[in-house]
Structure formats: C-alpha cells, structure tokens
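Residue numbering begins at 1 within each chain, and the chains themselves are lettered A, B, C and D in the order written.
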Amino acid sequence: MSVFIDGETRLLVQGITGRDGSFHTRQMVAYGTRVVGGVTPGKGGQTFDAGEGARIPIFDTVEEAVLATAPTATVIYVPPLFAADAMMEAAAAGIPLIVAITEGVPVLDMTRVDPYVRERGARLIGPNCPGLIAPGRSKVGIIPGSICAPGPIGLVSRSGTLTYEVVHHLSRAGLGQTTCVGIGGDPINGTAFVDCLAAFESDPETRAVVLIGEIGGSDEQDAARYVADRMTKPVVGFIAGRTAPPGRRMGHAGAIISGAAGTATDKVAALQAAGIPVADRPIDVVDLVRARL
Amino acid sequence: MNIHEYQAKEILRRFGIPVAPGDVARTAVEAEGIAARYGGAVVVKAQVHAGGRGKAGGVTLARTPAEARAAAERILGMTIKGLPVGAVLVARAADIASEAYVGIIVDRASKRAVVMVSPAGGIDIEEVAATTPDRIRRLPVDPRYGFLPFEALQLGTFLYRDAGQARAAARILRQLYDAFLDSGASLAEINPLVTTPAGELLAVDAKMVIDDNELERRPAVAALRDASAEAPSEVAAREANLTFIRLEGNVGCVVNGAGLAMATMDLVKYYGGEPANFLDIGGSSNPDKVIAAIRIISSDPKVRVILFNIFGGITRTDDVANGIVTAVRHAPLRVPLVIRLTGTNEEAAVRILENAGLSAMTDMDAAVQRAVALVAPAGSAR
Amino acid sequence: MNIHEYQAKEILRRFGIPVAPGDVARTAVEAEGIAARYGGAVVVKAQVHAGGRGKAGGVTLARTPAEARAAAERILGMTIKGLPVGAVLVARAADIASEAYVGIIVDRASKRAVVMVSPAGGIDIEEVAATTPDRIRRLPVDPRYGFLPFEALQLGTFLYRDAGQARAAARILRQLYDAFLDSGASLAEINPLVTTPAGELLAVDAKMVIDDNELERRPAVAALRDASAEAPSEVAAREANLTFIRLEGNVGCVVNGAGLAMATMDLVKYYGGEPANFLDIGGSSNPDKVIAAIRIISSDPKVRVILFNIFGGITRTDDVANGIVTAVRHAPLRVPLVIRLTGTNEEAAVRILENAGLSAMTDMDAAVQRAVALVAPAGSAR
Amino acid sequence: MSVFIDGETRLLVQGITGRDGSFHTRQMVAYGTRVVGGVTPGKGGQTFDAGEGARIPIFDTVEEAVLATAPTATVIYVPPLFAADAMMEAAAAGIPLIVAITEGVPVLDMTRVDPYVRERGARLIGPNCPGLIAPGRSKVGIIPGSICAPGPIGLVSRSGTLTYEVVHHLSRAGLGQTTCVGIGGDPINGTAFVDCLAAFESDPETRAVVLIGEIGGSDEQDAARYVADRMTKPVVGFIAGRTAPPGRRMGHAGAIISGAAGTATDKVAALQAAGIPVADRPIDVVDLVRARL
C-alpha cells in the first residue's frame, strides 16, 4: 500500500490550462494517474488534451467538477494570489485531499486556509511543495516519475530537488519507495512531518522512513518526539542548511533561522536524541537505510 | 522585504498610532533643518536594513541643529554590516518614563499571527524571552475572528496598571494589527513603546518586515523598497528572479531548488571548502537566469570557482547547459567552472557542454569535491 | 431604518458597483435640468419608503426634459401609502437585454448573512421563491471567513453562462457584500441587475435597510435618515425613544415591553375592539416618555380611548403614574383614559393616580374590556 | 431541580458598575443569587457594595475574574456596542453559561458571536432577554423575583413583561415554576425554544412547560416539531402578535412578519398540529396548564 494516494485516486487539476498545470497534467497522465477533470473558470465545457488519447473535461468551478467527476484528490497549479481561494474552494466542495504545488502564497492567506480546510476534514499538502508520488501507482504533483521505483521506503521532505537527489540515490541502490511526500517549504503548510510519519507507521508496505528536513521552525523536533514516542519503524534523517547564516531566508519562505530551534545543529541533535541516525551527505542516506531494513 | 524605520512609522501614523515626530534626511543640511524646525533635542538615526545600528554608532542624540548636522554628516558616511547608510531619521527626542515592547509576528507553530507584549521594552525581545519569559505575554490571533477588543485589553492590562494607559495600549495594539494586515507584513513591532512623564504612549522605534509574496497585490507597499539600501548583488539577483544570499567563502554555487542549494553548500563545507553564496535558480530553466547567476557570482572578487549543481526535474538540464554556454561565450570566466547535471535531458545537456569545450559530471559528491580541490591549497582537501 | 433608492445607489457606487447614472430632484425644474443634462430618455422615480411605488404610479419613463418635468411635477405631488413624496430620482433609462436579482439579507435560521441571486430579476424575489424556487440560489456567508471569491463566482456562474459576465457578477456581489457590512445593513438588494445589449451589467434599482442598532457607530449612515419621508407621529416617537407603529383602530395603547404590547393589542381585538397603535415605552419609567406617548397617541384623531397596560418589573409603576398625572395636568385629554398598573410600587402608583382624580385597575383583562366598552356602540361589546 | 442555573450557580456580572448592572446586581443578591465577582475595565481592585453586607470584587477583565472567583455563569449588562465583545470575552474565558441582557446589539455582531460561543462549548442566552430565574434558588437577569414561586412548571419565552404577566397568573393560581427562561426578542440569539424544551424534558422536577412565542421567524414551528417528536411532558403555548401588521418591527428586532412562517396564525397552527393547546389570552394559560398536570 501507499499513503494518501494510490492507483484508485481520482484526481482533479485546478488550473489545468495554465502553463504549469497543462505540462504536469500531461506528465501525470503519462505516469498513469487517473486525472478525471480540470478546473479553469471561463473554460467550462471545453476539454483538455492530456496526450495518450486522454481528453479531460474542464469545469468553471470545483463544485461542478465534483458533481460530474467525483474526484478523491485535487492538485492546485493556480497563481499564488489565487491559490488560497482555490484550496478553500476544494475543501468546500468536499475533496478530502488537496495538494497545492503553487509557490509564493502569502503566509497571511495560509493563516485563514488552515482552519478552513481543517474544519472541513480535508488534508492539505503544501503549498510550495512538489506533491507526492506512489511509484508505479499514481503521482500527484511534479516529482519526476523516472527517478522513483516501487519499494518499501517511505520518504517525506520539506524540499523538492533535494528530495529528487535522495530518491535517485535510493532507487539506484534498489531501495524503492511506497510513497514520496513533499510537504513544502513554507512557514505554514497543511501537512507536517508527524502526519506523514503516522501514515507511514500504519502502512503495512512501508518498512523504513526517510525524513528530509531543513533549517527553520521546529517541525523536525516535533517529528523526533513523535518517532521516539510512537513509531516502531526505523527512520533515517537528513537536514539541509548546516552552513546557512541566521536571519536570512534560504529560498524557501520557511527556511530561515530565527531562534535556536531553527538551526540545523538543533534539529540534528533532536533527531539523534530520538534515535534517528542523520546522514552527513545525501548519499549517506542509502547506507543508513539499508543497515536498518 | 525590509522597510526603513521612517517608512514603518509613516504606516503606523496612518493607522492612528502616536509616533514620535520625525522626518527623513538624505543630507546633513536637511538634518539640520529638521532639527531646527523641531527646536529641542533630536535623535539622528541611520536608516539601514541591519540590526545593531545603535551599537555600530548609527544612533546619536543631538541637542542643537548644529549637533544634528554633525551627527548626520558622520552617520551618512557610515557602512553598517556592509550596507551604506543613505538616509537618517531626525526624530524629536522623547522624555521617557518607561519603555514597553509590542510586536506582531506570524508564528509557524500556532499558524497564526501572534501579538507579543512586554513591559520590558527597549531591549531585544528575544533576550527578554530567554531571561524573563514571564515578562512576555503572547496572544495568537484567530484569523477567523480577528484581534478582538477584549484580547487587546487583556494585553494592555498586562502592560500597564493604569486603566487609561491600558486602554491606550489596547487601541495601539489593534491599530498595529490593522497596519500589519493591511501591509501584508510578517513582522511589525514598536520597541520601545514609550510612556512619557505625562503618561502618554508614544512609538519611538518601529520595524516592519513585509512578506515578499504580498508585494504583487500591494503596489503601494512594494513602492517602499529602497534598492539603494541593499547589497547590489542581491538587487541584481532579485531583478533576475533569483534567490541569492552572499556569504564569506570562495566556492560560488548555482543550484536549482532551495533544499538542494543548502545541501550543496553543506557538502562544500563537508569537503573542506567554504561556499561563497546561496543561489537558487528555481524551477524554470530559462537560460537568462543562468546567465544572470554567472554574472552575479563572478562579480564577487572572493569567488575562485563556480559550481553548478542541477537536478533536472521540471528544470531541463539542456536549457541550463545552453545558458552556461551562452554566458561563457559572451564573457569568458575568470574562474574555473565545475558542472554537475543530471535528470531531464541529461544526455543532450552533456553534448551541448562538450561541444562548447566544457565538461560535465553527473555525481554531486564528485563535483563538489572537484570544486573544493580547485580552490584548496595543495594537500589540504579532505 | 429605510434609506432611499438614490442613497442606496450612492453607497453602491462608492463600492465600485456599476449603477445607472441618476440624480435626485426635489422640484420639477431640477428634474428637467437633470434630464436635459443626460440628453436621452430618463426614468423619474418617487423616492419614498413604501413598496409598490410602480403600481402606485410613482415611476414614469420620460423621453424629453419637458416630459421629465411633467412627470416630476405629478409624482412630487403624490402620497404613496400615506407617505408624501418629497424627492424623485431622475435616472438615465437603460437598454435592457436581461434582468437578474441579487440581494443579501440577514437570515435568522442560518444565523448568517445570506446572498441570494436569481436570473429571474425585475420581479419580487419572494414571488420567484414561491413559484420557481430552483431559479434562486442562496449562499449563507460564514462570518468567520467572509464572502469568498470562489463562492461569489459560483453564484455568478449560476446567473450567467458568459464567463465575463459571471466574473463581473461575482465582483458586484462581493462589492455588495462589502457595502452591506460597511453600512450595517440588514438588507441590500439590486433588482434588477440589468444586462445591457452590449453585455455590461448595471444596477438599475437598489434597496438597502439599515439595522437601527448600527446607527450609533455609523454616523455617516445615520445621517442618511430622511425624517420628512416618515409619518410625523413615528418621528416624534423615535425622538422620544418610544417604539410606535400606527394602526387603523381607535383604542390607543401604551404598554411597557414589546411582547406585552402585542398581547395587549391582541386582547383588545379579542374583546371586539381595534387597536390604534403599537407603543412600547420600554423598560425605563422616565415620566417624559409617558408624556410623549400620551401626546403622540392623542394626536391621532381616530383614537377614542387611551389604554395603559404597565407590568412593573424594572419599570416603576409610580413613575408611570407620575408621568400620566403630569401629562393630563398640562393638556387635558380629549378622550377617556383606562389605566392598568401592577407590579413594582403598585400601591404608590394607585395613590398618585387617585390623588389626581384618576382611577387604576390591576387586572389586564378587565382594563382591556373597559377600554373596548368605552368605544363600542352600545350593546356591541363582547 | 431547575435548568441552566440553581442555588450553586456562581455568577459573574459584566458591567457591574453601570446603571442597570449595579441595580440588578443588588436585586440578584437580595434574591439570594451567589454573585462572586464583577467586571468593569478600569475599576479592577475596587469592590461593589451589593447591599445586605455583600462586597463584590471588581476585575478589569473576565479572565482575571475567572481566575480569582471561578464563576459558573455570567450576566452581561454592558452597552449594546460592547456587548458582543463581552460575550466573546466570557466564552474565551471558559464560562459555560452566558446570559446577555443588553438590548440593541447589532445583528451582524451576533453572526460572529454565535459561532465563537458555540466553538467554545458555552451556552448563550439572549441577548435582549430578561434572563432566567429558578424561583427560590437563584436569579440571573432582571425577572422580578416577587412574581415567581417555586413549583413544577417550566416556562420559556421570547419576551419580558409578557412573561411576567403569565408568571404572575401562574403563581397566583398556585402553579409555581422550576425555572423561567427568557430567550430574548432578537433575530439571532444564543438559545432557542428547543434547547429549553430539551432541558425541561430532562429535568425531573418540571411537570409541564409553558412556551410564550411571538411573531417573526420560525422558532415556534421548530419547537412544535420538537414537542411532537421528542417530548413526553405536556406543553402549553401562547403567541403574541395576532393583530400585528406584516413588515413592521413590533418593538423586538425579531418580531417582524416577513413570510408566512412569521405570522401568529402559522405559529398557532403549528403548535396545535403538534398537540400543544394555545391560549387565546395570557390568563387562559393557567387553566390549560392545570388541566394537564
């Protein structure tokens, strides 16, 4: 099994006709994801050519798309200033899994999205995230399918390309993945490390978990506590940003050291104290995982 | 985005907060004129995007217009933490009976804006938090209901025993919250919020940081940007849509993705080198970005090697290769180039580079090791 | 509080809603001038706080300034449902391709503001609700999040197939919601919202009702009150802080508390009489209120008896008795008085009245029966 | 037993030093209510002389009052434009019963108060209500104690003085009350008829219930449905406003006929259809109740 998505996932794409939305819809369809509909206000009634003979119906609103196509997940590629509204629209329409790829969403928007989505019982992943992939089953977002392979490892990360680097090493070493989840690099996001760890812990196929953190906030420390208290499966960590200076935003809005808890040193120490080995280099993740399978 | 103290104070004034009178000067003569207009003592304060300007000598009390002129003369010539001082705020000096701290930040743990107050003002709030945490009160604002009057009064009552002052503080806090929201801020603080001997409250220093993601929908706020107060290389990077932070080392880094960029810097350090910068070209593979990245990094005289680390996902590595080739063709590099490319269109990328006489690697560790070796004294590489 | 169409339209314009151009005139000459300025056909519309002004002849199309003058002349002389017309709106006539309804009310069942839209505009929305309910869409706005963009677009899409019109309607709906909140309204509607042959949306009629409880904190809205457009007795009652509604009967009623006032009217009817009014003096026992109440009721020539029904709780019945005595002393009544008092300080009240030659009863049924008997033709009382 | 309050109720008074607040605090103390504290911003640390030797401590905020006096209920007498904030302050401080007497609260304020109070699990009675009284035990609000008597009748009403009229008749006829609850005459209020009916249904001492409704809204119709579906105890009704014209607000902001459901005729019919006898005159309530005990 995989977590959050699987081969049965029926996906809606919000912003399907945009530059990113159209490109990645084709990528997802090519990977085998069941894309059931798209939303672009003003283009309702048209269809989107997703390649491989797939013609996907477009709707003006998520509400209409839900009535017609019964999606179980949605992925959002709309521009940053419209992304919060898109997330709330998806939650209001009752879609249980909302994956927001969009980068650059104002953080004050997210303070409102968070309770809105929560009250409606939906799970939000992102924003500013690469989405997730269950290798060989389905992909929702932008993680390149070619670097992944099916297998027993669960992976959760705050970053995009660093995830690809690690996944690439794992796949080449024969360590395939049940699911890779990018939770995003923003200060306020919908799904935290602990949510993913809980999902991997209860997924029978997942045998070990890789956690890729970075500077800023204390999500890794929360994860460390969770692993120590509640997890039986082995977890291996990597933390980016050991050389980052304090007070500067390292690309991701959330990757900024303010206070001791935000430093890589503190996070590495917290993980190690919880019994989680932390790789010095991305490639070292492979050996650490292998030693624990 | 940082804005200057004088700009933050203008915003607070617009929201009704009592702010110590002051005006900005870009020359010593202007500063003298402002001081003469106010009459009494003034404080001349460097307007610069750096903390610790007081310790650096950027804040001076001046009792006469002549003193103000001399202070401005001196401060306008200063460079604080690498940033030149282009303007000073000349503010009427306030009589101070007591100092409080009030501020609002976006807090990631509670996922809310948090209002923080402390009767121990005038000093760094993180120091207060560390030493006397019971002298700080924090209130996470429920974004669904906003900052409620009774909540503001609870905080005002925590700050002041006097009912009138507590009410005045509550009013200021709600005005500060309105200013915070309206500006799309991620931080807004008044430190100190001064009580005068007459019992009036007055904002004597103010700081606001704007969420970059808010600027597109707030052109008036975006217009407050003072590019002259930023490092030129960071201005150039922003204009090219690159995320760039200059550091002290000599290994220039060009990476796609923030996490991978940090991991690359860490690996440079791991192998005994020192990264010269953080630079993320983002997900797009626009060759112009690559060209701008090379130009910006090359302009740092400390840089002795440029390391590319590109993991092609959305980014097409052939586009990056084309950007590198174009850049090198237009302006030959004064430093060696180490290129690591893997992922989408990797084979095409390698061909493009080789045709231009450049070589590419596919392994991150090997590339970092080579870059470090190129700058290390012989025998010192790990 | 009701406001006039032209006032509601000014508010909507301020919030960015496209409104058919128009100006208010208080004389026929002014109306002619406005029509001349616009050039083409205009609609001359009575500005009066009463529904059904169209049916009453208060709305007329005028093709020339002279016609506008004649129409205004006629309408400004009208009385609609007892209310004199003091002003007309002279609005440019719009070309109409289709008509929609958009409105916002406070809904007690959902405890929220509810936005309602229907493509069947131009007619009474309650009629649409009764006959073709599927042509109305209702959206209760969560006050914690406000009216969200996607919600507005859902409603816009329900109204118009054209994407541009749907978006324009969504914008208008959110502007209407902002106007509704900012004015402290309990109702705001545009009916019809017209689509012109060119595809533009235009508010051709508008109505807003303001929550009286909002007026104290919204002086600009409170200033919109047009006392000349209300019945003089209701203006006098409001100024005395009484709640008063004139009815058609002849038994004047003065009661403390709204529920008891309604029950008193019902009991008058039960015993065969007809109440002349609803009047609640409220919880306070200020004698001035009692005096004003007697004056207002006495000024209605239909009234043939005044019935007091006071249940003293917070209200002190002796205060009420003092008010009655003072009123009667200053201006002897032309109609008989029936007084029922019970509760707080009842004995003192009875003494005060008896000393002034007035008698009091303590039983509500008995008092109502006596009041009805005093106005009934002999032998017709129940 | 009584409902919502009893002799153990520890009452806070918000606006204790105001004109109404001070008067009624003395009345409540005289009746035997345990008033434990008062709130008036700026007068914290002073005490309020409630007569009969009672000196009640005053606090600047509800939060402080709660910490010091552990109230189980609060009654609000603050001016209308501050009342919503006072209700929310009480709910935020964790007080489970909030009785808002204030008349003239803007209805848009109440749209925000309603979910706020609900989320915190508090019960709001009012605003624009006379409060409640458990005769011989406690009174919270402004219902005159002198007209009430202990006994087996539960009474719930949307009005003030009309309630007094009916209670007066009941008491004189020997029909005392377990509790009389005034839920208020505003279009949006915290506690509905059905909430009170449910409480009376499960109160062992209450043997019959009197429901006093009026024109406007459909709360009486909801109550009728509830009685028909869920109640075993006899209920007697009275509806004020049979002679009220449509479209005019009859004093109470909520007493306005708009639509058929708001008329007295419709309400009387709904109650009767649910088997609830409806009195023609206030005094007729007595006989209808007596016949059902």
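Please note the rule applied: a contact is a pair of C-beta atoms (placed from the backbone, for glycine too) under 8 Å apart; a residue touches a chain by one contact, two chains touch by 3 or more.
Model, not experiment: these values are computed from the prediction.
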| item | value |
| --- | --- |
| Shared chain contacts [chain A and chain D, defined touch] | B, C |
| Contact-richer chain pair [C-D vs B-D] | C-D |
| Approximate Å spacing (C-alpha centroids) for the pair chain B, chain D | 56 |
| Distance between the centres, which are taken as Cα means, of chain B and chain A, whole angstrom | 28 |
| Residues of chain D touching at least two other chains | 112 |
| Residues of chain B whose C-beta touches two or more other chains | 144-145 |
| Overall pattern in which the protein chains touch one another (line/ring/star/complete/other) | other |
| Chain-chain contacts as defined at top | A-B, A-C, B-C, B-D, C-D |
| In the complex with chain C, residue positions of chain A that touch it | 41-44, 60-64, 82, 85-86, 88-89, 92, 112, 116 |
| Contact set on chain C toward chain D in their complex | 106, 108-109, 111-113, 126, 142-144, 181, 184, 186, 211-214, 216-217, 243, 245, 247, 255-263, 265-270, 275, 278, 280, 283, 311-315, 342-344, 364-365 |
| Residues on chain B engaged by chain C in the complex (per definition of touch) | 144-145 |
| Partner chain B, residues of chain A touching it in the complex | 23, 80-81, 103-108, 110-112, 114-115, 130, 142-144, 147, 157-165, 168, 185, 187-188, 212, 214-218, 238, 240-245, 247-255, 259, 264, 280-283 |
| Complex contacts: residues of chain C adjacent to chain A | 145, 148-151, 153-154, 157, 163-164, 166-167 |
